[in-house]
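Here the chain labels run A, B and C in written order, and each chain numbers its own residues starting at 1.
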Amino acid sequence: MGCRQSFRQCCDRPKNTNVRISLPAVCFVWQIVMIILFGIFIRYDQESDAHWAEYRTFQNISSDIENDFYFRYPSFQDVHVMIFVGFGFLMTFLKRYSFSAVGFNFLIAAFGLQWALLMQGWFQSLDPMDGKIKISMESLINADFCVASCLIAYGAVLGKLSPVQLMVMTLFGITLYAVDEFIILNLIHARDAGGSMVIHTFGAYYGLSISWMLYRPNLDQSKRLNGSVYHSDVFAMIGTLFLWMFWPSFNSAITDHGDGQHRAAINTYLALASTVLTTVAISSLSQKTGKLDMVHIQNSTLAGGVAVGTAAEFMLMPYGSLIIGFCCGIISTLGYIYITPFMEKYLKIQDTCGIHNLHAMPGVIGGIVGAVTAAAASEGVYGKAGLINTFDFTGKWKDMVPSRQGGHQAAGLCVALCFGVGGGIIVGCILRMPIWGDAPDDNCFDDELYWELPEDEESIPPILEDNNHMRNRDVTESHFSMEQSQN
Amino acid sequence: MGCRQSFRQCCDRPKNTNVRISLPAVCFVWQIVMIILFGIFIRYDQESDAHWAEYRTFQNISSDIENDFYFRYPSFQDVHVMIFVGFGFLMTFLKRYSFSAVGFNFLIAAFGLQWALLMQGWFQSLDPMDGKIKISMESLINADFCVASCLIAYGAVLGKLSPVQLMVMTLFGITLYAVDEFIILNLIHARDAGGSMVIHTFGAYYGLSISWMLYRPNLDQSKRLNGSVYHSDVFAMIGTLFLWMFWPSFNSAITDHGDGQHRAAINTYLALASTVLTTVAISSLSQKTGKLDMVHIQNSTLAGGVAVGTAAEFMLMPYGSLIIGFCCGIISTLGYIYITPFMEKYLKIQDTCGIHNLHAMPGVIGGIVGAVTAAAASEGVYGKAGLINTFDFTGKWKDMVPSRQGGHQAAGLCVALCFGVGGGIIVGCILRMPIWGDAPDDNCFDDELYWELPEDEESIPPILEDNNHMRNRDVTESHFSMEQSQN
Amino acid sequence: MGCRQSFRQCCDRPKNTNVRISLPAVCFVWQIVMIILFGIFIRYDQESDAHWAEYRTFQNISSDIENDFYFRYPSFQDVHVMIFVGFGFLMTFLKRYSFSAVGFNFLIAAFGLQWALLMQGWFQSLDPMDGKIKISMESLINADFCVASCLIAYGAVLGKLSPVQLMVMTLFGITLYAVDEFIILNLIHARDAGGSMVIHTFGAYYGLSISWMLYRPNLDQSKRLNGSVYHSDVFAMIGTLFLWMFWPSFNSAITDHGDGQHRAAINTYLALASTVLTTVAISSLSQKTGKLDMVHIQNSTLAGGVAVGTAAEFMLMPYGSLIIGFCCGIISTLGYIYITPFMEKYLKIQDTCGIHNLHAMPGVIGGIVGAVTAAAASEGVYGKAGLINTFDFTGKWKDMVPSRQGGHQAAGLCVALCFGVGGGIIVGCILRMPIWGDAPDDNCFDDELYWELPEDEESIPPILEDNNHMRNRDVTESHFSMEQSQN
């Protein structure tokens, strides 16, 4: 702790937010590296290669509709919307940080998905015959999933990091995710369709640990900007709703064809519906006159989707999904009311979007629910073939039984936690170096640092026509004088 | 009428908008009841159960792609977007009611879909073998449809009811809908793929009747807030466009596999395109200098989708769809210009969103179009198998002929009207009780009553850097003084 | 040039922006013509007709899922979102032209798609047996594509044309597009899945030529309105993101079933990801302190999708897609920085949205990439069947070879350029006639001319409750006095 403290002091030099060299350099170099690595490693798989026609005849596949594209594409597009519009707009709630919220989200997602295709490919789908990674629609979905974990982490540090730091955070985040995922899904053989553990738990603790390492004791100097305005809250609702609506696609995107996707979508739909009601209830209870708080509605209503992630494809039963959503709505909203202020005050963790309440706690709950429901699975409920399909008791895992599977699920959750916290601390150290161009404490949450902003809204000429010309002159003048004082 | 008047007076006590007890209570109690009822009644159906693999082998189904999930899921997601983003954002047009528009829409939809799964299940898909309701993707679409009728009703009372009242309105609305739908589709055997009758006609008259019962003679005390601002109109266009674009999915979501879905999508697409042109024409004609009115563009452009609902799967022919859209654009826009003010002044019906023009009239037209086109159906146009498929002349209806089907369609329309008006009057009586926390007449259309609002937009500190610190102090001070004067 | 100049002067009379006669007349007459022509020409095709059940049995098709609807519908809906929300919101960035951006986009798209169904039908799918055009989901996608080219052209003239002019521009644009497309795809037999040539190159040069013909030397009189405000930039990001996310659907919507759609989606996804990074890099480099410019992020990030359009279904290889995106991000952003001001100053082309950088240059690059990659195609990479499928070497083209195909692609690009420039000049001449109600030079980019605008945002009554009544009176008074001064 003392060591951390002194390391901190050594890094606390005056801030320079000019990223004119570092940001273009990072973007160019990394993109060129991507091109080279893609050139060496990445090829189309059987179903996206022009040899598909021959492969189809050879495999005796009756129709093009059996191409995995048609099983996955609608879900893929929904997930894609969640990543770019969902996460991007959810974070636009700050009054003067909407450009960065949606713009940096865009940047790091676009970089992250390329790196994820490589990392996940190396770990999971390297073809031993030719040493190439074969990509298909499912790889793209997995890359989007991987990116999601880094965008969750972005939520914790929103407003406090420079775009260069975000790129670094994403680079390491994706790397850690790929290792983490390989251990949990392949080595431990845990099931995690919707990623409660690998995406949400890992991503949230990764972000929270970074935020802890980058604790800013004087952040309240920026508190004038750490809040919303009316329209920015409405923008954020766009993000919330697209996340909420498409979450069934998120949790079902890579589950088994047929009943697996079908059931995962139904379970998620129900869990989310239930969460909305308990979120509203707790939010209303928490205020003197029963008024609702937009922060809760924007975030906690999504907790049920997180918590049902791991178990979405299991036979949770519809009422089981409702119960999970019920609990998570309560816990997540209470988290916003009590835990976030507590963490900021006593644990030195500043969590801008409250990802601890939206992703960390529900993610852990999701992992536990997954472990319990896996352990309780029986042939009576699933059927013999259903049990094998759902838990993938094939190959070297053919002798697995549900009770042991439950243990493996629990182990997976622990791995996700360790990777999140450990990785976050290491990456946080790296990000403390005073070379990244992050904002000074009194200027966080401000687009002004990294964006050319348009002139102020108030200077729009009013619509009255009679004195239009006179006004225009005034406006132009004041606009010029503004520019002068700025430069 | 006198009775209604005196009942009204008895209910007109001073308003208390504190919902801190009632809203959480309603949310908790109803959600717990949902969990219990889901536990007793609701299970997965064949295609979402883990036994699907066995069922598939047993039924000799060649591929997982035949699972109904793949026929319905893309349409389901589009409908889902319409319900939450479409309806939600369409109602954000009011300058200070966007939180409530999108937030309460969210709340009542999330509750409504759970209750709809139960109600529709009891009436339509109770398995006689085990007394359970088996749900699948199609049930979820139907639940979303059912919710749509209540969101339409919300449009009439937007800005005037408390969230508790909206929950009560939804509870009864869903219940009435399920009965109504059972009578129209099952007992009368009318066809109504896009729900012109069961969704739009019922929902709109249900809402209008409630609004009539809750007539507020002094509502003009709130007229300062009953209007839009520039950006709120742009937000509303998000709703309009998502409704408009996805309406083909709405009307085709539960039609027959294959040509039924294909044709319903094409017909809806064309009807909507045609509506846009006539809406613009009438809107421009109605103003002295030919300017367009955003209210018309936001709403009347959708009328064609409503009116083509019942007949979407019939052989309307592309030009038939265009004609329906053509007429509805005209009628709906004229409704906004002439009928809504008339209704408010003489019929005591205050219709905030103008649902009479967007849903009620086009819904009735849709019902009539459905009756006429059904009666005119012939084996020449549909083919023998096509006629049976389209109108479902199977089972106990195998001797049905198109001309009689036309009569049944008309009967269905009458039932929808009766349920809407009758149900609305009864529920309106219930909602007049002075216990629900609705807004006083001089404070309608105001988020302030039920939401913690962020500070005012004007107090964003300007972006000039030179005098940043001085300004910040000012802003913080004025912010504090605002809070003091508020409390 | 002198001729153009004098024609210009003859047209430059004082402007009258009243469209009360012309706009409704155009809408009504054209919609009625559409209905008549649809009545004469347009019918359902085999897969959307009620005879499908019989056809299916006859053709021995095993399942309804083989109906083309299920191959195309998810892509269709994504394309539909791009047309209406993507293009519509992308153009809302102007501070006072959001209504027109999204509203006129809506109007001309709704008209254009009807006319496109007819024009494309006459050229490409007229049934010789009965002289009817048979439409299906693929026709609807093609109609949306056709409309896209006119919406691109709208980007160049945004803020400067009246809705009547836009309708005329669309009428001719669709007509030219259909001829252009017929020559390129059918006569020349070029491949152009994502429309780099037929949609983007044609559309952009069509718009730019019109803008050149309609050059306004005094447009800087409106420069107070030719810019964004904070929230309008966030609205524009909605458009950007929906275009960006759904571009894989755009490029794969009408490619071959199976591997063709699969590969096109992957290639587009990768090209777009790569573009984002280089756009950010150049945008940051171009500013003194490395700040990003929203204009670049909103537009140049999409250039990769345009450039990969023609070759999306070819075996570009993942790294090939990345390289295309890499280059286009750079070129497009540099275009915004250097070429757009140059074109305005020296070439007299005022390009409001910078479509030259987003569509014209990347479109031409896409055409060249298509020609090169087609010429380089080999049986080794594609397989024998794959080569025939991908390039459609069937029927009278069965003796075609890749090297010659490359030449045909290049020829196609030239045709698109000629049609764009030539058509634009002719239509520009027509639009210069002083009868269309366009804006005067000092009042461009202003919704006020064609829309009833809501009262100003500043007049929202503050939320303080104590002095509510007094304020309301003030507000109402000032609102009235505003109305008086306006009339």
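Rule of thumb we're sticking to: a residue touches a chain if its C-beta (ideal position, glycine included) is under 8 Å from a C-beta of that chain, and two chains touch if they have at least 3 such contacts.
According to UniProt, the chain labels map to these proteins: A, B, C = Rh family C glycoprotein.
Source: prediction; values computed, not measured.
Novice: If every step must land on a chain the current one touches, say how few steps get you from subunit A to subunit C.
Specialist: Step count on the best path from subunit A to subunit C: 1.
Novice: For the copies subunit A and subunit B, give the interface type as same if over half of its residue numbers appear on both sides, and as different if under half do.
Specialist: different
Novice: So the centre of each chain is just the mean of its C-alpha atoms; given that, what is the distance between subunit A and subunit B in Å?
Specialist: 31
Novice: For subunit B, which residues are shared contacts with two or more other chains?
Specialist: 62, 65, 70, 74, 96, 231, 238, 453, 456-458
Novice: Tell me, which parts of subunit C touch subunit B in their complex?
Specialist: Counting only subunit C, the residues touching subunit B are 17-24, 27-28, 30-32, 34-36, 38-39, 42-44, 47-54, 56, 62-65, 67-70, 73-74, 77, 80-81, 84-85, 88-89, 92, 96, 98-99, 102-103, 106-107, 110-111, 113-114, 117, 135-137, 140, 163, 231, 235, 238, 437, 449-458, 460-466, 468-469, 472, 475-476, 479.
Novice: Contact residues on subunit A for subunit B in the complex?
Specialist: 62, 65-66, 70-71, 74-75, 78, 95-96, 224-225, 227-234, 237-238, 241-242, 244-246, 248-249, 257-259, 261-263, 265-266, 269-270, 272-278, 280-282, 284-285, 287-294, 297, 301, 315, 317-319, 322-323, 326, 381-387, 389-390, 448, 453, 456, 458, 482, 485-486
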